[in-house]
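After this come two complexes, each holding chain A, first together with chain B and then together with chain C.
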Partner chain A sequence: MTHTNASASDYAVSTHGLCKRYGRDTALDQVGLRVPDGAVYVLVGVNGAGKSTLFKLLMNLERPDAGTAEVFGLDTGRAGSEVRAQVGYVPDRQDAPYRSMTSARLLRHAAAFYPKWDHAYADHLTHALGVPPQQRVGGLSKGETRRLQLVLALAHRPPLLLLDEPTDGLDPVVRRRALALLAEHLADAPTTVLMSTHHVHEVESLADHVGVLRDGRLVAQMTREELRRTVRSYQLEVPDGWAPGELHAVELRRSSAGRDVRCTLVGEEQQVTQRLTASGARVRQVSTLALEDAALAFLSEDAS
Partner chain B sequence: MLVTLDSRDDRPLYLQIVDQVRRALLDGTLRAEDPLPSVRELAGELVVNPRTVSQAYRELEGEGVIYIRRGQGTFVAPNIHPDRRERRPLVRGVAERALIEARRNGLGVEELVTMIRELAAEDGGERSPSTTAVRSGEEGGAA
Partner chain C sequence: MTTTQELQGADGRTQRERPPVPRLRDVLRAQLRATGFALRVPVVLAAAFAVLATLNVVLGVISRDGVTNIHAEPSPLPGFIGALLPLAVWAREEHFGAGFLWTLPVDRRRHALIKVLAGWLWMMGGVALYALWLLVLALVSGGEVLPVESLMILSAPGRPSSPVDPALLQTVQWAPGLLIWAVPFAMATATYLCGSALVLGIHRPLRWVVGAVIVFAVASTAAHLASPLLGLGWLEGAPESVVSRLFEGRYGLEALITLRTWSLDTRATLTTGEVVQIWSAVPDLHEWVIAAALWTGAGLLALWAAASRHRERRA
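The block that comes next holds the complex of A and B.
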């Protein structure tokens, strides 16, 4: 890796007991995020789960109430500007200060900040994403602003990308183009990505790590493969009056029709199947889940 | 060669890419010394993690199916004999999936094999519809 000050840690991003409160609302509660170097880590969670707050703390735009955060071994609170120099950040909202500049002017302005700014690449991205160069930033639509933010984040080829809803406000064609550009970007240079998105299915084949935020707590964090292996959909044939019994604790979702029950369960398939069989159920089929369905299983209320 | 991924396929994405290259060799879409798309191109086209494409290419390289010419790209091996070499893993993959499905439905191997023979006999020994549909303009086939 080319970035400096890397610690012995294998994590590009790590947080320890990170807490953030706004008045009486807890935005983040004891979050221990671990993003391995080179990972494409997707953060899943409903609105208000704390995803944007987490990004802001990593960028040192907000201060935590407790806990610490490190980016490439640098404390984000003490070395905020050093951290930001190594990060391409797409924020959830548009920044106000540069509204009177044109897109082209803002890109030149940003280029002066980053020694590694790649002018040819910035031009390529600007064209590929269709950023209107002579439009004032304040007059850009939501989608155009997003495209400009993507160019600003990618063009200096930072070792870490923090992308908070990077395809928000983009139409489906541009969304796909933006993600294709991101895939190419990852092929060009080793880059770690931490991103949040409401369109989880779109990043299904880019993601290799997944974290699930629920009410400010990181309720699941694992590799894509582990998620695929340990969260599966089980189709069961159950005897009359069958109750899940001790499986209840791991049962995440259940729907039933007659004796057929379908539920999403967490655990190694062999062990889950043994427990199900012991409870009197017959396992008819086990199937893997799409990333979105597996992650969402951690967000639904336990079956009652 | 056109690679398409199936999100409903249970297998890891890199294996899907490996299988599609094998299939392309069998049906002649890919031939000896043909260039393959670069990792960057294929990652962008499929919107997949470039590591997935690299993993697929490493697997194929390890099997001697493709080779990497430094600075020039990835190519199909010169002495490729798709019939001998590629049919077996492809058949194995299809059989594995059928077997998993059979077990999940509580069916035995013999039942499955018998039914496959019966179905094939009903077809009158014709090529399966999906194969003929995909392979327009073929020259004799690999059977």
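The block that comes next holds the complex of A and C.
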């Protein structure tokens, strides 16, 4: 289920039939991602759904078995270095390179690769995120390493941020500070963000697009408004032996107690209500879902 | 604080100027700094060794009964350093995998080659210091900057049978000239290229080295057993012959790193009871030049192939 309102040229990131296999395991299967320019796109999926693999393919760190990927119109395979110049990347792993270098030295090293590196901004981020500049990278804690990775990704003010679980390993205080800095960053410079996270509620205020990866397939991709409008919780009163009929196709979650049924359904509310009524059910209440609940509904076992 | 520059497109849409990729000289400069940082431990060890060796020579010169008359001579040391240096250059890089190096905005194959170049430049600096050190020692100890060696050549072919009749020996003056000072640079370069190709192209080079030894042992044993059964006399010792040519042949590895001084000379006892160095031939610098060119060429080809393992995916 994918809905996009942008034309092809408006996409900062687009993939076409992207497939990646590791032996017999399929990490990505025919993924057609569309991230509009300027969007904050949140990618949701359980561990092993293929999120990190997708990021690596976009950075051309791995080679797809089929399909193509483009970043700002550049083929990631043919123009890998040009693509990476557009990207600030926070990888899923929290092991920083050059463990014997200090944080400050590593930042100076990275700066040489980005002609637009903003030294003052790097200093600001280092200070704001509490990265110890004179400490060796190998001696940094998991959280400090993550913060250093965030500085490395943001300091050259790239037009695209690929953030793979950017707040993973951060304590709640730093997590909040990091997200505030990200919000400031987005307000300062036009930036497209593609981020994966298990904590959608944390980025609810930033996110304007959501994609859901399940078992390597992009099962949903829509704007935040579409998601809120079309994924709703319905409280029903149903007759004995009630069967949802054709609604089964859009049923995501269902919990029942007696004749009361609560389910999460995808579709325009009016149409869904009409179908429910036609099937004999009485709609008692319809409620909107938080962004996280709406996105996670697609990960439910019985989501179709 | 700079912000990403924006341009207004003809259609009224905001078009963003693409951040550029870094200039190659900036990449080389950055890799020179990073590689130099990675090599600081080997450099400190080498400096400590040089200090100890210098002290030894100086004390010898002062006491006049120790080491004197130091001069340039074919030493395999730069060759060994060249072979091992790539391990230090690439020690901190996760070049097989999604390492930090590959996340940077530089063409991957080019980046790998630039890093190899950075390591080579450091090595050349080190070899230059080594040559300078030798030169200073030669001057301090009263040795010759352009040495002339007296070699005792055995006129009879084959290996000398002990004791050797001095009448069979002929003294020859060997004067390699200025080329002797180019030897450490060239041998270090050739072994560095081959070592870099191994480290960059093979995920676990030590396993391959061990595997090669095992394959050689198996092939040697199989040839030894199969030769009489199949009636193929040439098979007997064929693996050893191949390896021998590779290492001790006219243009083999030994020719590259010692000018064949290991295989051409031997210690022998004369009929007079004196123990001397006897040479079966004079080291041939022309052969060494060819060996150096062959090994350097092979190293460059292998390095290109190894770096190509990491190239960008092309459609």
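Here is the rule we go by: the second predicted complex is superposed on the first by the 290 of 304 C-alpha atoms of A that agree within 3 Å, B and C clash if a C-alpha of one lies under 4 Å from a C-alpha of the other, contacts with A are read in each partner's own complex, and residues count from 1 in each chain.
Heads up, the rule we're going with is that a residue touches a chain if its C-beta (ideal position, glycine included) is under 8 Å from a C-beta of that chain, and two chains touch if they have at least 3 such contacts.
As the structure is a computational prediction, the values presented were derived from the model and not from experiment.
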Clash or fit (per the criteria above) of chain B with chain C on chain A: fit
Touched chain A residues, chain B compared with chain C: C
Touching partner for A:176 - first (chain B), second (chain C), both, neither: first
Chain B versus chain C as contact partner of A:188, first or second or both or neither: both
Angle at chain A between chain B and chain C, C-alpha centres, nearest 10 degrees: 140
First, second, both or neither for A:115, with chain B first and chain C second: second
Partner chain in contact with A:77 - chain B first, chain C second, else both or neither: second
Touched partner set for A:142, first chain B, second chain C, both or neither: neither
Partner chain(s) touched by A:259 [first = chain B, second = chain C, both, neither]: neither
Touched partner set for A:286, first chain B, second chain C, both or neither: first
Partner chain in contact with A:127 - chain B first, chain C second, else both or neither: neither
Gap in Å between nearest CA atoms once chain C and chain B share a frame through chain A: 15
Shared contact residues on chain A - chain B and chain C: 188
Interfacial residue positions of chain B with respect to chain A in the complex: 5, 7, 10, 12-13, 38-40, 43-53, 104-106
In the complex with chain B, residue positions of chain A that touch it: 40, 176, 179-181, 183-184, 186-188, 201-202, 204-208, 225, 282-288, 290
Footprint of chain A on chain C - complex, ascending: 1-4, 6, 14, 16, 18-23, 26-27, 29-30, 33-34, 37-38, 92-94, 98-108, 312-315
Complex contacts: residues of chain A adjacent to chain C: 56, 59-64, 68, 72, 75-78, 80-82, 84-86, 89, 91, 96-101, 105, 109-110, 112-116, 118, 120-121, 124, 156-159, 188-191
